[in-house]
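Some structures to go through are shown next.
In the two complexes that follow, subunit A is the common piece, with subunit B as its partner first and subunit C second.
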Partner chain A sequence: MKAFEYAAPRRESELAGLFSGRPGATAVLAGGTDLVGLMKKMIVAPDRVVNIKEIASLYGISADSAGVTVGAVTRLDEMLDSADLDAFPAVKQAIRGINSMQLQSQGTIGGELCQRPRCWYFRNGCGLPTELGRMVERGDNRYHAIFGNRGPAKYVSASRIAPALVALGASVRIVGPASGEAVEGPPKNGAPVAQDGNALGEAIMPLADFFVTPRAPHQGETVLDPDQIVTHIHIPRDEQIASATYEVRQSEGPEYPLAAAAAALRIEAGVVTEARIVLGQVAPVPWVSEAAAAAIVGQAVTPESARAAGEAAVARATPLSQNRYKVQLARVSVERAILQAAGLETGGF
Partner chain B sequence: MAEYSWPRRGTTSLIDTEQTRIDGVAKASGAAKYSCDINPKGTLVARAMGCPHAHCKIKSIDISLAKDVPGVVLVSPAKAIGDEIQWQGDIIAYVAAETEGAAAEGVAAITVEYEMLDVFVDDQHLAAAEAADRTGKPLSNVQLVNEPGDDEDEEAFEEAEIQRLLEASDVVVEGNYGINVITHMCMEPHGSTCEWNGDQLTAHLSTQNVSGTAGQFADPLGITASDVTVHCDFIGGGFGSKFAADSWGVACAELARQTGRPVRLMLDRDIELKTAGNRPSGFIKVKIGADKNGVVQVWDSQQWGTSGASGGGVSQGVVPYVFDPENRRRTATSIATNAGPQRAWRAPNHPQAAAITHTAYDDVAAALGIDSYDVFLRNLDSVSNDKADVYRAQMERAAELMQWKSKWHAHGKGEKKGSVVTGLGMGIHTWGGGGHNSTCRITIHPDGGVETALGSQDLGTGTRTVIGIVVAETFGLPLDAVNVKIGSSSYPASGPSGGSTTVAGVSESNRRAAQDALAQLNELVAAKLGVGAADLVAKEGRIQASGDASKSLSWKEACALLGMTPLEVNGEFRRGEPSSLSSSQVAGVQMAEVAVDLDTGIVKPLKFVAVQDMGLIINRKTAASQIYGAVIMGIAYSIFEERIMDLQTGAFLNAELADYRLPRLGDIGEIVVDLWEPDSEYERGVVGLGEPPVISPGAAISNAVANATGVRVPVLPLTPQRVLDALGSA
Partner chain C sequence: MNRDQLARIAVGDDERGGVSRRAFIKGSGAAAAATAIAQGAIVMADEAPTSTAVVGPEATAITMTVNGRQRTVSAEPRATLLEVLRTQLDLTGAKPVSSDGSSGASTVWLDEKPVSASTTLAIECEGKSVRTVETLGGVKPDPVVSAFAAHDAMQCGFCTPGFVVAVRAFLDKNPTASEDEIRAGLNGNLCRCGTYANVIAAALDVVKGGSNG
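Let's look at the complex of A and B:
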């Protein structure tokens, strides 16, 4: 690990000036479950580490009639324990699936969303995730993307919880210098306002838009600029939505799933009237499948209709040389997430 | 006293019972000190720098910046300009520093220029290896009942004879099978803490060879073995990878000598996986001819694999495994890859051989539509050891525990529930397990204290407890009355713990020494009590005349007869010498029941039955524990573990625990351990148990998957990708 400066602000307003706009110069420390490993291997080597876990306003879960707001440094096990999140089974199932008490009790929701790709070429120091396209294409891509992989980014978005949150229509609050491009719009949803309005600004955007597929080196995996951080996640409340996350996990260990899907369904009089299906571990972003949603809307959830939705989800997959099997696993994930959301047996393990 | 023996079965108080490890609390509480816990005042932390490239030549090494990193005390190149590197992770240099962080920064500040050379790591495709000129000369071994005529060309005859036998067979099965390289994965990586006192070196080494490593330090350091003491009270796993001082152990001692301070050097996990040993791969193309009952008439195989840069692969000497049909031809080709070197991995060669050949036997059953159990049973006449009857009896027992007969269905013909099918598979194995050389020194103190000292080690298997049991049983004392001293090369030499040789070795030396010591003590007691020494028995803390409890002394009273001087008695056993206390050779049968989700390709072990003979059992608890551990390790390599190499660069892609897949408890299913122990087993004395139960899981699980799905997944581990590929649904 390279020597670094350490900052531990207590208030959001103190973030002003702590972050460099230069990529890689500063790193955000929350739970540290991803960052510390990357720093030890010197895959990232920031000059300054900013620990945001001491900022009280970034911590905790609050609920009102509009929905639930989760502070970015809230721990995953606290989310599991929160009755406020019972209305969102897809979220709790995703957290449970992480299968590691250590990660659940140390990791935070903000960090979980912002963790770096697991691409083993990246983790072995071969370059930035976006520089590795050709290497992945010619190399061992068994765990890489089967969607959205035509550009240089062929890794899969690592977040386990993002598919569920995107399916549930969650939004994310970002804070950064007031001049930053992403900073616009009024504060909403009861999220705390930055105390120093002059130096910091905020933006609130759908989580679906937060993840991006980079097209060039040094573009990140999210919209975040190097001097911006996620502060809160908001999940809108809708009593009519049934949701589930299904992950294909080979073991009960903390390994990442081979494929995953989250389904959020509005079921009225036995028929799906609205659906959002989001695949995980298959693309550089949580992969929203309009086709799968279209296939299940207007149908009753049955093994057959769920299967048809799964098939629709993967109809346009573009597997790499070694990961064709993931197409099948993505299909099954969608099928089983839909069945599980509707409270039906999935038929598998 | 020349005749040594064990107490009659049923008369023991400790032997053949369940005893908790005497060091269990120390281990569970953290009181146990491992090599990296040894932290003398002023200890420097050293770190190794691994080569990032798989095949290259070193053009230059610049350590000047590294030396200037604050906290760095010494930078020491391990390679010279012009040296050729054969695998990623080979060690280029060491940095000793005040802190771990400084050492890491020092490593990062070393600049090395490399000349890149061609890389080859594909051990799975023989044609690719041949095209890359990475194969050794194929080695053939042929055994045929018929012989060529005087004027016949031998090779032509063999070829014709094999073809004739295949044509004469009722069924011919052709298949490809394989098993990937896995690496050693000890919880505690390799390493040591070394400190000097003048010219005397003390090495706290994580080793399974306490008595054998001093000389390995001494020679490269220019001292003699008498100047070196190796300590290892506790070790976090060895499995065959920790017999040596190793270049990094010597480097640690050298850094300590040059800096004049103690130095600790443990390998990082990635270098550990890349450099500190792996298990060779084996791939095989097989043609089997069998009669209509599944009895194999002829075996013809071509195999290949790698052990790293020097070639290697699975030994053909154990192919086909256990079964040795009268007519067989086998050819083995070694592939040199730019990958780290192999090291003995629990039962070297056997698990791979079982996985790539008992699968072929199982496919004979599938082809004939008969019960796999019957095919294994009917081929027992051809086993290469003398255990056919033992296998028969063990198969019967295993089948009963598995409820094989009632659960059996033909391959691929089971009931499907949702997308899940289940199946059964089995395998059999063999191992030696005779004791290694062992000497020990038992001391009986006049105050009744008892200790035994030997330069052995406890790999986690319970050796310390076994030694205590043997001595305490002999003296009629409770287990905690014996102070077991192992883990130092200053004690009488005992063999390395490898090849399942330890339990028989240390039981031999300790039983011998204890019986001799007791005989000497009995002479004093006999004189005191006025009875014959031969009539005395030691039990329940007393030495008494047999049949006359009124004539007895407590252990303490008896020891007081020694006067001022403790009684010291050495015990010695030489490997291979005939003895009534130990023997060798075991069989073993394992059966697996698995479920397979046909939609995801995930394999889930449901139940695993392990029936194992091991002669006389010293400690039933740790014996069973060995088998549980072996089965879990077997499930790991059957379904999860593999070394994944990047064919472009030779990088070992999953060389960290986050990516190197291993099962968790919930992935194991139910394990039923059956200690197979008719009186004949007790009578033949102690036999080692470490390796045998790890051998059959690959075959048993692969066969169970084939039985469940009706499709052979040819290569282990049986990942979802491979299962789906085999099912044709990917």
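Let's look at the complex of A and C:
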């Protein structure tokens, strides 16, 4: 690990003075289950690590009639134990799928969303994505993308929970240094407003737009620029929405799935009137399948209609040389996520 | 997103809420835009914002409670909890196996939650409470330790301390766990010798023996 400076702010406002603006200079530490391993391998080598777990406002789960807000450093096991999240089975099923007590009690929801790709080229120091695209195309791409893989990025988005959250219409709050004039008056008591250009700003956006496919080496896997962090995730409440996550895994251990899907369905009088189907582990972003949603809307959920939605989801897949098998797994994931959301037997094991 | 896309918020947010959750929910409803949303509700604190101390990269003093005793060590921010436990505090139960925590061999309790000491920085534990496998041994060992011995739940033994902590932590939370639940609960620990069957038998014994205090 490269030596680094360390800070553990206790308030969101203190973040303003800790960022340098240089890409890669500062790493944000939450649970550390991904970052610390990456720093040991020097894949990530920051000059400063900012531990955001001591910021009280970033911690905890709160619910009201509009929905549930989860602070970014809330641990995954706390989400599992929270009755407020019972209304979102897709989220709890995704967390359960992580299958490791240690990862669940150490890992945070913000870190889970911001974890880096598991791509073994990336994890062995080849970077993302640049000329890697060609390397992956010719090389061992059995775990790589079958959608959204025509550009240089061929890896798959790592987050296990994002497909469920995107399907449920979650949004994310981002905080970071902002430019422009301060909204308030002059800085008081030496507060770091404006003086150093490090005033804080925030943005709230749909989680679906948070993940992006990089086209060039300096671009990341999310919209986050250097020094921006996720602070909260909000899931809108809708009693009529049934949801589920289905993952296909190679073993019972804490491995990443080969394919996954989350389904959020509005079922009225036995018929699906609204659907959001999001695939995981198949594209550089959580992959929203409008084709699958269109196939199931207007139908009753049956083994046949779920299968048709699965087939619609993968009709335009573009597998690489070694991952054609994932097309079948993605199809089955969609089919079973839909069945599971509707409370039907999914089959398989 | 670039700096211009972020709406300025007031520094000096209060200690409890940061930017109010109400404002977040309001902004993140159905019509949430991909661009920044201007913030109306701003929570101002009475006191001036404080700045955060930056330490390192050289060694700095870290104070934590380890197995019930307050200990102060001197370590660089990059030192992991596992390194500090093993090389400075002579607590060599937790083992370095995988550098990324995937083996579970370095499992310890941090504020009574099972975590991987190899992916936890020592400096993160400032002011926190760490408990290691050593607290389960001694003249009157924990029932989990006795059950591991009775069932010969080890071969080379290198993964054993992590497994013992994991079993203890899992059974503390799930005192009447079934075999299937135990299997699922121990998925975060790996044994290269393949002693899983005996580990699970030992854990089941603790559940059945009612000695799962």
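Heads up, the rule we're going with is that the second predicted complex is superposed on the first by the 327 of 349 C-alpha atoms of A that agree within 3 Å, B and C clash if a C-alpha of one lies under 4 Å from a C-alpha of the other, contacts with A are read in each partner's own complex, and residues count from 1 in each chain.
Everything that follows uses one rule, which is that a residue touches a chain if its C-beta (ideal position, glycine included) is under 8 Å from a C-beta of that chain, and two chains touch if they have at least 3 such contacts.
What you see is a predicted model, and the numbers here were worked out from it, not measured in a lab.
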{"item": "Contacts of A:M1 with subunit B and subunit C, given as first, second, both or neither", "value": "both"}
{"item": "Partner chain(s) touched by A:K40 [first = subunit B, second = subunit C, both, neither]", "value": "both"}
{"item": "Touched partner set for A:A300, first subunit B, second subunit C, both or neither", "value": "neither"}
{"item": "Partner chain in contact with A:G253 - subunit B first, subunit C second, else both or neither", "value": "both"}
{"item": "Touching partner for A:A315 - first (subunit B), second (subunit C), both, neither", "value": "neither"}
{"item": "Larger contact residue set on subunit A - subunit B or subunit C", "value": "C"}
{"item": "Touching partner for A:N124 - first (subunit B), second (subunit C), both, neither", "value": "first"}
{"item": "First (subunit B), second (subunit C), both or neither touched by A:A216", "value": "neither"}
{"item": "Which of subunit B and subunit C A:K53 touches, first, second, both or neither", "value": "second"}
{"item": "Touching partner for A:N99 - first (subunit B), second (subunit C), both, neither", "value": "both"}
{"item": "On subunit A, positions contacted by subunit B and by subunit C", "value": "1-3, 37, 40, 99, 252-254"}
{"item": "Residue numbers on subunit C that touch subunit A, as the complex places them", "value": "1-13, 15-19, 21, 24-25, 27-30, 32-37, 39, 42, 48-58, 60, 76-78, 80, 99-102, 104, 107, 110, 113-116, 118-121, 123-124, 126, 166, 169-170, 183-188, 190"}
{"item": "Contact footprint of subunit A on subunit B as seen in their complex", "value": "52, 101, 104-105, 108, 418-420, 595, 597, 599-602, 604, 639-640, 644-649, 651, 653-656, 658-659, 661-667, 719-721, 724-725, 729-730"}
{"item": "List of subunit A residues in touch with subunit B within their complex", "value": "1-3, 37, 40, 42, 99, 118, 120-121, 123-126, 135, 138-140, 142, 248, 250-255, 258, 324-325, 327-329, 332, 345-349"}
{"item": "Contact footprint of subunit C on subunit A as seen in their complex", "value": "1-14, 16-18, 29, 32-33, 36-37, 39-41, 48-49, 51, 53, 55-58, 62, 64, 66-67, 69, 75, 77, 99-103, 105-106, 169, 171, 173-184, 188-193, 199-206, 209, 223-225, 228, 231-232, 234, 236, 252-254"}
